[in-house]
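One chain, chain A, links the two complexes that follow: it is found with chain B in the first and with chain C in the second.
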Partner chain A sequence: MIGGSLFRWTMAYFAAALAWLLVALALMLGGVGYPAADIASPDTLVLVHAVTIGWLSLAMCGALFQFVPVLVAKPLFAEPWALPALGLLTSGLVCLLAGFLALGGRLPLALWLLPVGAVLLVTGFTLVVVDLGLTAWLRPTGPASFVLVGLASLCATAAFGSIFAFALAGWGGSAGEAVLASGVPLHAIAGLGGWLTLTAMGVSYRLLSMFMLSPDVNERQSRITLATGALAIAVTVAGGALAIGLASGMSAVLLLAGVLGLVSAALYGRDVAGIFRNRKRRQLELNMRIATLSFASLAGVAVLGVALIAVGELAAQVGAFTFLAVFGWLSGLVLAKLYKIVAFLTWLETYGPVMGRTPTPRVQDLVAEGRATKWFVIYYVAVWAGTLTLLAGEPGAFRLAVAAMTLGVAGIIREIVRIRRLADVAHPLRLPGGAIAPHLLFARN
Partner chain B sequence: MTEALVARVRDALRVVIDPELGQNIVDLGFVYDITTDGGEVHITMTATTPGCPATGFLKDGVQAAVAKIPGVVAVDVAMTFEPPWTPSLIEPAIRASLGFAAVN
Partner chain C sequence: MTAYLDVDVRPILRAGGEPFSVIMAALEKLEPGQGIRLYATFKPIPLFAVMADKGFAHSAKPLEGGEWEVLFTPAETPKTEQGVSPSTDWASAPWPEPSVKLDNRDLEPPEPMVRILAAADQLAPGETLSALLRREPVFLFPQLERRGFRWLGGFLPDGVTYELTVRAPL
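Our next item is the complex of A and B:
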C-alpha cells in the first residue's frame, strides 16, 4: 500500500479463509470431531486444523501481506511469493486433513499424506515468514515487533507439527514418538498463543488506533506486553522441549507459561482500554463494537482458564476453553476486522484513483451496518452459548449453537460480498466516471 | 488575482474527501496552507494519522483536483504531520455531526 498501491491477493486469502471456516462449521454441524469424538481423535485433528490453518492463518496472512508494509512504510520483500504461498498452504492443508482422515479410518490408509502435507505447509509458511519477516525487520518497532514474534512462533508451531506428521506416519523414530507423546500442548500454545494471538494483538493496536483516531500505544508499554507474551511462548517451547528431552513432567512449564500468558493478556487489556479511552472519534463503528465482544471473550478465556485450574478441571474442559479462545476471541476479532478491512480496501481500490476528479462515496457508504449487526450478534450469542453447552457436556445443544454460528457467519460473508460488489452504494456515486468495479477475489493494482 | 486563485483552489479541494470521515478535506482542516506563484500552486496538507493508508490517495486527489483549475500550470503538494492534525481543526458544525469531542 506504499504510494497508494494495494496488495493484489488479500481478497483471495480472505475468500479461502472464509471457505475453510464454512468447512469447519459444516464439520461441527455434521458431528465430526470434538465434542462428538474424543478431543485427541483424528476427526478432531481435521476440525482443529481446518480452523487454525485454513481459517485463522490464511485470514491472518492475507491481512499481514496488506498491513505489514503499512506498519514499516516499506514495500513487501517479495510480493510475487504470496500467491504460490496460498497454493502451497491450501494443498498442504488438504493433504494433512486427508492424512488425518486416513488415520481415523475414513479414507484408505495412506498415512504418507501427513508428511507430504507437512512439507507443503512448511514450504508455504516459509515463503510467508521470509516475506513478512524481512519486511517487518526493516522497522521492528511497535506492532511490527508483535508480528515478528508471531512469525517466530509460527516457525515453532510448524516445527512441532511436522515432527508429529512424520511420527504419525511412522517415520519419526523414537525422538519423534517422544515429541508426539508429550508435545501437543506446546504445538497448540505456540500456534494459538504465539502465532495467532500475539500477531492479532499487534495488528489490532494499529487498526484500532487508525480507525478510531487514537494516539498509538506508548512503545514502552506495548513492549512490556509483547515481552511477557513472548516469554510465555519461549518458556513453553524451550522449557517444554527440555522437559521432553529429560522425560520429566511438563506441569511446571505449562503453569509458568499460563501465568505469563495471563499477565500478557491483562496488559493487552490495559493497552486496548487506553486506545478506546483516548480515541478522538467518540462514535464507534460496528467493527469496533464487535471487537469489544472479542476483547470480552479474551477476558472470558482468562477467567475460565483460572477457574478451571482452580477446580482441577482444565484437562477435562480444555475443549470448551479452546473453543472460546478460537471462536470468541480470535475468530470474532478476525470477522469484525475483515468486515472493516474489506470495505476500506475496496474503497481505496475503487475510489482512490478517481479522488479529486469526481465526487466519491465514504467508506461507510459501502456497508449496511444495521443489517450486518444482527449477523454478528447471532454469531456471538451462539459462540457463548456453544461454550456453555460444551462446559455442560450437552453435544446436542452444542450443534444447535453451531447451526446459529453458521447462520451468523453466512450472513457476515454475504455482507462482505455485498461490500465487494458495491451493492449498498447509492447509484449516482457507485461508479463515477473513471472508477472501475473491483473484482471479488483480487485487487486490480 | 492571487487571492481569487487561492479561493478557487480551496473550492476545488472540496471534492476530495477523507474516506473514513466522509467530509471534504477543507472543512476537516487538512489543508494547512495554499500559496500561488503565477500559475504555480503550492499546497501543504496533512491527514488524520501518519500511518493512514489513504494518505497517498489524498495527495494524488489534491493534485488532480487543482490541476483541473484553469490557469494552474503546476501543482506541488507537500504532506506534513507537523503540527499533527486534531479534531479542533474541523469546522465546528461538522465536528459535532461526526461525533468528535469539542476539545480533544
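Our next item is the complex of A and C:
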C-alpha cells in the first residue's frame, strides 16, 4: 500500500523511553553519578546511558519507525523487526548498566555483562538501522537524508561503545585499551551530535513546516546544513581514530569538529527561523512554543561551548555543557514533539475510520494545552536552573532542580496518557458509532 | 541495452482492482535508464499518454488470450516534470469531471483530510472529486483504500501544488 499507515509499536517505544527518563531522573535525585560522582565514574556512565539509549534513542526510534515511511511515502522495509529490536535494546541496556554497576563495585564483579550488553545493543540497533536505512534510502532527499547520516553516526557510536565494553571487560587487547583511553569524546560526539542531533534536526524540518503551514526548507539550503554537520561527525570519527592510531593529541581534530558543528547549528537556526517566518499559521500550538525553548537551548549550548573554550574551562565544565545539550535541546524537543505526535496518531487511529461519516473531534480536542503548559514551563525553568547549579558547583541546588524537572516530566507523562485515553474529549464526540478506543501501548491497525 | 523491471498487474485487474498506484510505485523504484515491462489483461491505451508525459516511449505486443505485454522505455531526454496527469483512468472509461472541487491548500492539517473524506462520502457511485493540497496526503491514502475509493494524484508542474482526484466505487 502506498501511504502512511500507523506503525503498531510507536507507543510501546515511547512508553519504554519515558520509563527510562524517569529512571534517569530518579538516579540524579538519588545522587547517583555526576555531579555527586566524578564525570568519568561508572555511576555517571549508568546515568548517561539510561538517558541517551533508554530515553532519547528509544523515543527517536519509535518516532522514526512511524515517520520515515511517511517521509519517503513507502512502507517500512520490515515492520516485524521493530518489536524484537525494542526487546534487544532494552535487555542490552539493562546488561550494560548492570556491567557499569559492577565496574563501580555496586554489584558483584561480573564485567562480562558489558560485552554481552554491547552485543545485544548492537544487534538491536542493527535491526533498527537496516530497517530504517533501507526505507529512507528509497528517497534520500530532504529530511530522509538527515536520518541516513544520523543512522551512520549511530553505527559509529555503537562501534566505539562496543570496543569500550570489551576493553573494560579486559577482552580488548592493547588496541582496545588505546581506544578506551582517548576515544570517549568521539563516542559522545558521534552519539549526541550525529545520531541524536542530526536526526532531530531532519525530522523537525518536516514536522515544523507541516504543522505551521510553511513551505519546506529549500533542499539546497538544508543540504548545506546537513553537509556541515556530517563533516563535523566525519572529522571527529575519522580524524579521532587516526589520532588514536598515531598516538598523537586530538585537540586539533576536536577544535575543527567544534567549528563545523557550530556552523551547522547556526545554519540550522537560519533554516528554522525561515520556517517560522514563512508560516501561514500565525497562532502557534503549545508544542511549537515549547520547541522554541528547545531551539533557544541549542543556541545556549553553542554560546556556552564557545564561552567555556574562551576561558579554558570546557574540560572542567563539560558536565554542565552536556546537561544543557541533553535536557534543554534534545529532551525538551522530544518531549514537545511526543506530546503532538501522540495526539495526532491517537486521533488518526481512533477517528480515521469514521471520519466524514459522523462528527469527530479535532486533534486539538484531545489535548488540554492550558494544563500542559504549566508542566513544560516547570521542566524548562528547572533544566536551565540545573545547568546554572552545575556551572556554579552546587550539587545540593542541582538536586532541587532535578526534583522540579521530575515534577514537570511526571506532569507531561500524565498529559500524554490522558491524550491516549481520550480523557479530555467531550462526551458526545468521544467515541462516535464505529470508533474504537485506542490501546495505551500499541496501535490496532 | 535497456533493463526492464517486470510489473504484472493482471492479478489486480482480474480481481477488479485499480493498478495505477502499483505502476506509479514501480516507476519510482526504477534506476536511471531502466524501463518497465508491463503485463495487462488488455491494451492499456490511456496509460501510454501518462507514461509519455513521464518520458517513456511504449511498444505493445499481444499475448495469448487477449493479454498484452508493453515495454515502456525511457526516452533520451526524459521530462523533469514531477506530476502525474491525474485525468485518465486507463483501466476503463475516462473518469467523469469532478462534481466537487476543494481547495485545501491553506487548511491546517489534518483538516484537508477530514474535508476530503467528508466530501467523498457524499459522492454518488462513480463520481469524482478533486482537491488541491500542499503535500502528498500520505495518511489519507489508507483511509481511501479502506473505503473502496480509487485515487490519482501528483504534483502539478508548479512543483508545490498537489492535485488529488478521488473516485467513489461504482
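Keep this in mind: the second predicted complex is superposed on the first by the 441 of 445 C-alpha atoms of A that agree within 3 Å, B and C clash if a C-alpha of one lies under 4 Å from a C-alpha of the other, contacts with A are read in each partner's own complex, and residues count from 1 in each chain.
Throughout what follows, a contact is a pair of C-beta atoms (placed from the backbone, for glycine too) under 8 Å apart; a residue touches a chain by one contact, two chains touch by 3 or more.
From a predicted model like this one, the values you see are computed outputs, not experimental measurements.
Participant: So, on chain A, is it clash or fit between chain B and chain C?
Facilitator: clash
Participant: Of the two partner chains, chain B (first) and chain C (second), which one does A:L138 touch, if any: first, second, both, or neither?
Facilitator: second
Participant: Looking at A:T346, would you say it contacts chain B, chain C, both, or neither? Reply first, second, both or neither.
Facilitator: A:T346 sits against neither chain B nor chain C.
Participant: So in the superposed three-chain picture, is A:R282 touching just chain B, just chain C, both, or none of them (first/second/both/neither)?
Facilitator: first
Participant: Would you check which partner chain A:V363 touches, where first means chain B only, second means chain C only, and both and neither mean what they say?
Facilitator: both
Participant: If you stack the two complexes on chain A, which partner ends up touching A:L213: first (chain B), second (chain C), both, or neither?
Facilitator: Touch status of A:L213: both partners.
Participant: After superposition on the shared chain, which partner residues are touched by A:T90: those of chain B (first), chain C (second), both, or neither?
Facilitator: A:T90 contacts neither chain B nor chain C.
Participant: By the touch definition above, which chain A residues appear in both interfaces, chain B in one complex and chain C in the other?
Facilitator: 1-4, 70, 73, 210-211, 213, 280-281, 344, 347-348, 352-353, 355-357, 360, 362-363
Participant: Can you list the chain C residues touching chain A in their complex?
Facilitator: 21, 24-25, 28-29, 106, 108-111, 113-114, 116-121, 134-136, 138-143, 145-146, 160
Participant: For chain A, which residues are in contact with chain B within the complex?
Facilitator: Those residues of chain A that touch chain B are 1-4, 70-71, 73, 206, 209-211, 213, 280-283, 344, 347-348, 351-353, 355-360, 362-365.
Participant: For chain B, which residues are in contact with chain A within the complex?
Facilitator: 15-17, 19-22, 48-49, 51-54, 56-58, 60-66, 68, 86-87, 98-101, 104
Participant: Could you list, by residue number, the parts of chain A that touch chain C in their complex?
Facilitator: 1-5, 70, 73-74, 138-139, 210-211, 213, 215, 280-281, 344, 347-348, 352-353, 355-357, 360, 362-363
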